[in-house]
Amino acid sequence: MAEMRKIEAIIRPMKFEEVKSALTDAGFVSMTVMEVRGRGQQKGLVQQWRGREYCVDLLPKTRIEVVVSERDVDKVVEVIQNTAATGSIGDGKIFVIPVERTIRIRTGEEDGEAI
Amino acid sequence: MAEMRKIEAIIRPMKFEEVKSALTDAGFVSMTVMEVRGRGQQKGLVQQWRGREYCVDLLPKTRIEVVVSERDVDKVVEVIQNTAATGSIGDGKIFVIPVERTIRIRTGEEDGEAI
Amino acid sequence: MAEMRKIEAIIRPMKFEEVKSALTDAGFVSMTVMEVRGRGQQKGLVQQWRGREYCVDLLPKTRIEVVVSERDVDKVVEVIQNTAATGSIGDGKIFVIPVERTIRIRTGEEDGEAI
Amino acid sequence: MEKNRIYLLTSILVMLALLSLTPPIAAQEESIESLTESVDGLGTALTFVWLLLCGGLVFLMHAGFSLVEAGFTRAKNTANILMKNLMTICLGVLIYWLVGWAIMYGENVGGIFGFSQFCLSGADNSTWNAWFFQMVFAATGATIVSGAMAERTNFKAYLVFTGLLVAIIYPVYGHWVWSGADFALLTGDGSWVVQICGASFHDFAGSGVVHSIGGYAALAGVIILGPRLGKFKNGKPQVIPGHNITFGFLGVLLLWLGWLGFNGGSTLDGSDAFMNLAVANTFLAAAAGAVAAMILTWMKTGKPDPSLTANGVLAGLVAITAPCGSVENWAAIVIGIIAGAIVYAGVMFNEAVLKVDDPVGAIAVHGYCGTWGLLAVGIFSVGMGNGILDGAVYAAGAPGLLYGGVNQFMVQVVGALAAIIWAFVAGLIVFKLIDIVIGLRVSEREELEGLDITEHGIRAYPEYITE
Amino acid sequence: MEKNRIYLLTSILVMLALLSLTPPIAAQEESIESLTESVDGLGTALTFVWLLLCGGLVFLMHAGFSLVEAGFTRAKNTANILMKNLMTICLGVLIYWLVGWAIMYGENVGGIFGFSQFCLSGADNSTWNAWFFQMVFAATGATIVSGAMAERTNFKAYLVFTGLLVAIIYPVYGHWVWSGADFALLTGDGSWVVQICGASFHDFAGSGVVHSIGGYAALAGVIILGPRLGKFKNGKPQVIPGHNITFGFLGVLLLWLGWLGFNGGSTLDGSDAFMNLAVANTFLAAAAGAVAAMILTWMKTGKPDPSLTANGVLAGLVAITAPCGSVENWAAIVIGIIAGAIVYAGVMFNEAVLKVDDPVGAIAVHGYCGTWGLLAVGIFSVGMGNGILDGAVYAAGAPGLLYGGVNQFMVQVVGALAAIIWAFVAGLIVFKLIDIVIGLRVSEREELEGLDITEHGIRAYPEYITE
Amino acid sequence: MEKNRIYLLTSILVMLALLSLTPPIAAQEESIESLTESVDGLGTALTFVWLLLCGGLVFLMHAGFSLVEAGFTRAKNTANILMKNLMTICLGVLIYWLVGWAIMYGENVGGIFGFSQFCLSGADNSTWNAWFFQMVFAATGATIVSGAMAERTNFKAYLVFTGLLVAIIYPVYGHWVWSGADFALLTGDGSWVVQICGASFHDFAGSGVVHSIGGYAALAGVIILGPRLGKFKNGKPQVIPGHNITFGFLGVLLLWLGWLGFNGGSTLDGSDAFMNLAVANTFLAAAAGAVAAMILTWMKTGKPDPSLTANGVLAGLVAITAPCGSVENWAAIVIGIIAGAIVYAGVMFNEAVLKVDDPVGAIAVHGYCGTWGLLAVGIFSVGMGNGILDGAVYAAGAPGLLYGGVNQFMVQVVGALAAIIWAFVAGLIVFKLIDIVIGLRVSEREELEGLDITEHGIRAYPEYITE
């Protein structure tokens, strides 16, 4: 039984297509994606409304979840980090979280076979 | 102190109502739901725009999170798997993730009592 | 290497601004936020459509994720609990989940330095 | 001799003077004639301008219907609804040109339908003007059906039905009422119906011709089609909220504006002053319908319901469409209030008793309130020539029940029943045939997935995250 | 005898010839008379057509207001805003029929208000036409208020206010200005105001009657109501962005189009050629207002601001409403530019100095720019009969300051002040009373939750996931 | 003596009688004159009313364009598109007043352009009326360009281009076609083009003047601008779906309605009965274009494509704009069908062959179908005075190819080419200059981020969660 990990990466929306392609090329096709808003060290974005400026501190980010075997974690992290980084603040974070079990709903397969 | 687990199920949106009912019937009322997009072994959906076809590879999915005690995990997984499966590719996945602590915000109760 | 935890708090949308300010004041600026729908012990909301009433049982909630070192968990939980609680049903839950690794995409820094 | 000469001279002078008068008189004659022509021409021109612009407003109703139907249904079927509505007017234009006009306004055949002027053959500017105004009405009838059958109907099947409605179902009834033919079933002097009832059926702008026909054809459609998946659970009606109330309300306001053209233009004469009565009554009834529906929902659920209030506007408008040029202002308000109540009760009745599923309330609005409008003519009409209708040339001929007349009411009942029966039976037959040949309903999978993806391969709002 | 006979014969012939001339002359007389009648009738018919269609365009402004107000506020209050706007026009129709018209155009009582023709009693087609055009204006006044008080006002309280505005506040001032009564306070020949100022107040299409009244009543409303939760933090105005800019812009374009009817129709005569001047000036001022507002925001924040630019259009339109038939094109542009500046400054002033919260800028647009429009008449008016106004029959009587006149300016100041005071004081009283009896504002919890759920039990966009 | 006296008396009586006849005749003369004046006045008034209202409908097209362009592009650029469209009409109003009219309708200079009446100097109500109707057309030309260049153009650069288009590019070609000048290049009796071709170029409502000019200027623009990031991958066109199909469809319906004013009003005479032919043909062609485009996409991808079907409506409308007053109904349908095919092929051709990126299909719709419409005049025109055009005063003079004429076709080819060359070359030069001076395109970062944030600091839908 392979140990599984969930890799949660929070990236810039405009980098998403690139990251997706890179993951695909690296053989990691499966993923779940959601739109989130986030705040880190990045200063918010100054917007305006009716002539008045204000700062939106939660900026739109894209969150990618990829569940892989423990041994693939490094590869995935590397791929994401390489493609998502622009070098300026706001590039995002990757979190690796332990997954105890993985079940494929269609077949009931578990863990390694379920990915 | 009961061991807690978070069950994350990614299912077809059109199966959501059924899964929700089944979970309710099985006594698991609490849940958190979000709309995500996902890609697995399922081929994307061919759509068209202005006479040109293209493939949308991230399809809308519904992600259900249920936090339960360790001993209920199997039951929840089973209920979800039974109701969400259609047998065709794209049925989704269930991930079980360890939860260290659970706090009910209203009362501050922890863990077992907090569910 | 600091042990990391992800704190997932599901709160009332209308409490979000307050919780965000309190976290900021307590020094926890970084967070990721998403809109979810949830159901717990809270009875759903009676809505109506074309003269007919019905109950929407999944109510809009806001989900905050903050990843912090193990030692900060208590503080974050406390801050959230204090500000998000109204005392009536539907205040939400906080889940603490172990994080194995944390990577800052911009720099590749890991764990403690990555937050 | 002198005298004679003087006499002759004077006579000649007088004659000359007389002759000198004749040419100016003749010239005046001519200028008067040419003036009369100019004035007649101007009158015609004013009618042309008025009907083109009113027709434009009626055309705008297609935008209104599109928005109401899209707004009050789910986002996964929006593009499909928009396509259906757009195709309704497009097919409407073409088929009403090809066939519809000929059946409706062509040479009468046996009192039942017309049959000449296919493809508007021999048309001149008067014909084009009249065709244009009638065409936008014809297409409206079809659009009503699309709303009731939303979210589950096969696109191709709907197109075929629309074609048949505009080619046959609508113009046949229209011929009975508006053709002006001597033997036109419900209005011709020579028709046995008119002779028995002792009055001519009056449907000013189409509570019957347009709305009843659309509404009861829709009823036939939803019966054959069945309810949307999930609409009834163990026989109990469930709620399926629409995705965009703003679209719905904008649609209702555009429809209301369109009705200014619908009812105002239906005098068919730019110089008929009674267009003002028609418009005033139209607005009063619409407002009364909305207020009534709002108050009813407020009393029932404790909260004023937006989408039913919006339906209340339409209910008032549909109901006043027939009587707007024949009743007093207060009557328009009463008609509107009752229409508001009918739409509320009708929606509940359809769901709870008939167990049919009509996402936007089209059957209650156009069918039931259309019938109510036809009957209202027989109740509230002042009678042409009486009171406020002094000088009117296009209104219900005989007084209504309230003014002591019975004949008008009788013929209105007959005409209203004729619309129900014709539209419902023709609808049943056509829909059944279509169901057999093409298949009226999409598959369960397609319905769950949404018609936008399955019928058109697109999503209406691809960037928004939706539940 | 011969001669006599000849003479007699000739005389008789001449007489006969004369007589034979008389009938054609008499016949011509008749045809000329009937022609004159036809021509008069056509003139009236053209006015009817024109005012119905212009009224329709003004009605469209309700769609415009609905969209602007919905688009520039938050999604959780959208259904409520739409309901308020729909009910505004519905109640407007009914109450202006019931009472408003009587107070505005009824028999003058003491120079202050009218009092007859309740329920349009005794109306004929001319009355219905006039009522229709005036009614759409009346309802517009109320809609202005709904925008300023959006997102926190109790629905029932708003309905009551709307009723009172359309029944009393609007028509009383309207009576002073537009009733045509001899003693009408601001315009009647017999009024002391007119006699003292030496000129009659001119408010062509309602910078005062409609917009000032709406705008300053709104000011009274927001003062009593207080700002939305979160609008001010430690006294500093915060930003609460609107949820749908597309709706807002569509609304502005519909309003602009509506103004074609608003100003163009206000000659109240389909044959008054000066409708063209009015329309040309209207479009010039609107464009100038938008460009001015855009440039101002561009200079201030470095970026051209969409919602204030949209407000700039409306500012120009409101300001030109009074002077559009009395000034030259260049003046219209100047008036628009200044209006664009006023709306920008006004919005800032309201928030920063008055600390009132007006989500859509209604007070600055309708109140301040309305006042500006009234004053602009006194500054830029050419004077009826002079220059481009040669042949005009409905424009500011006396020349403005720029053309050497003072009287017109004086009376405009008086009329503008009268609008401010009347609307503001009447508004304060009515809102205060409503606050006491019904409660003007929803609870804090309801406001946070959003009025859609709490007042109507629905969500305007139930499928979209929103922040 | 007796007799003489009698004779005298009688004579005098006769004279008196004659005299007594003269005044009524003179009076009649006068009333006939004043009647004639009234009738003429009414005719003018009807034209004023008609053109103001048609102009209003054309103005509504700006709402239509705004919605189509916003709906068929991505949400991150919506506020920018709306601002561009709003500013197009605002600048259009001001600059067409300042310069455009003078260049288009001013005193002819060398057959090439006009040059007088800047700032409408010396205008009277006729001028304002004409200016208003022409102005809404002028602004339309500019709006076409904004659609093609959406999602990547610098806002300031676009404003400058719009100004130049309305000031120069549009009115110069307009002068050649519509100025009525004797030496107007394409239509003046004294022009060498007209003399060589033996017929005068006919562009009824502007397939050339408005649509070709806009379309080919847009082509020049997108060539200099380059495609949106991600539009082509390895030279292969990619799909970038629009964010809101409902807006797109509402926009198309508003445009269609606007075209009623566009084509109907272009007789420029409220009494010209051929407005009816024009409108009927307009609706037939629009419907045919939509049906054709739908069927084509259905055959190609297996599903009827909504956004191309919507484009099909516009294609039919653009194509029929020139010939609508000169061809039979069946020809209008054929023209529409071919336009529907052209728009489909044109969109594919632009992407696959020219590799240009035109998000909303403006070049195919307005450019290619505009050219098609101009040629269609030369093919299908009945010839003024023939058949249905008996009595017409404003239609293509000579018969088209199908009716045996060649000259009209020749001059249409020349006029169509002139539009292509003038708009494309002038567009290239102006855009190149703007690119050098201001920079035509936003930075890559700004484009990715979206123009709403970078150009205006706002998000159009701040509450919705979007992909």
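For clarity, chains are labelled A, B, C, D, E and F in written order, and residue numbers in each chain start from 1.
Just so we're on the same page, contacts are C-beta pairs under 8 Å (C-beta built on N, C-alpha and C of every residue); 3 or more make two chains touch, one makes a residue touch a chain.
Bear in mind the structure is a predicted one, so any value in this text is a computation, not a measurement.
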Mind listing the chains that sit against chain B and also against chain C?
A, D
Minimum number of chain-to-chain contact steps, chain B to chain E:
2
Go through A-E and D-E and name the pair with more C-beta contacts between its chains.
D-E
Chain D and chain F, separation of their C-alpha mean positions in angstrom:
31
Distance in whole angstrom between the CA centres of chain A and chain F is 50
Taking each chain's centre as the mean of its CA atoms, chain A sits from chain D at a distance in Å of 56
Residues in chain E with touches to at least two other chains are numbered 7, 14, 18, 21, 25, 28, 32, 35, 39, 42, 46, 49, 53, 241-242, 244, 301, 303, 305, 307, 456-459, 464-467
Multi-partner residues in chain C (2 or more other chains touched) are 34-35, 37, 47-49, 53, 97-98
Inter-chain touch pairs (all)
A-B, A-C, A-E, A-F, B-C, B-D, B-F, C-D, C-E, D-E, D-F, E-F
Chain E to chain D touching residues, read off their complex:
3, 7, 10, 14, 17-18, 21, 24-25, 28, 31-32, 35, 38-39, 41-42, 44-46, 48-49, 52-53, 55-56, 59-60, 62-63, 66-67, 70, 78-79, 82-83, 85-87, 89-94, 97, 119-120, 123-126, 128-129, 131-132, 135, 155, 244, 247, 455-465
Where on chain A does chain F make contact in their complex?
14, 17, 35, 45-49, 53, 60
If you look only at chain C, which of its residues touch chain A in the complex?
4, 6, 29-34, 67, 97-106, 108, 114
Touching residues (chain side chain E, partner chain A) in the complex
237-242, 296-297, 300-301, 303, 305, 307-308, 311, 344, 347-348, 351, 361, 467
Show which residues of chain C lie in contact with chain B when the two form their complex.
5, 9-11, 34-41, 58, 61, 63, 73, 77, 80-81, 84-98
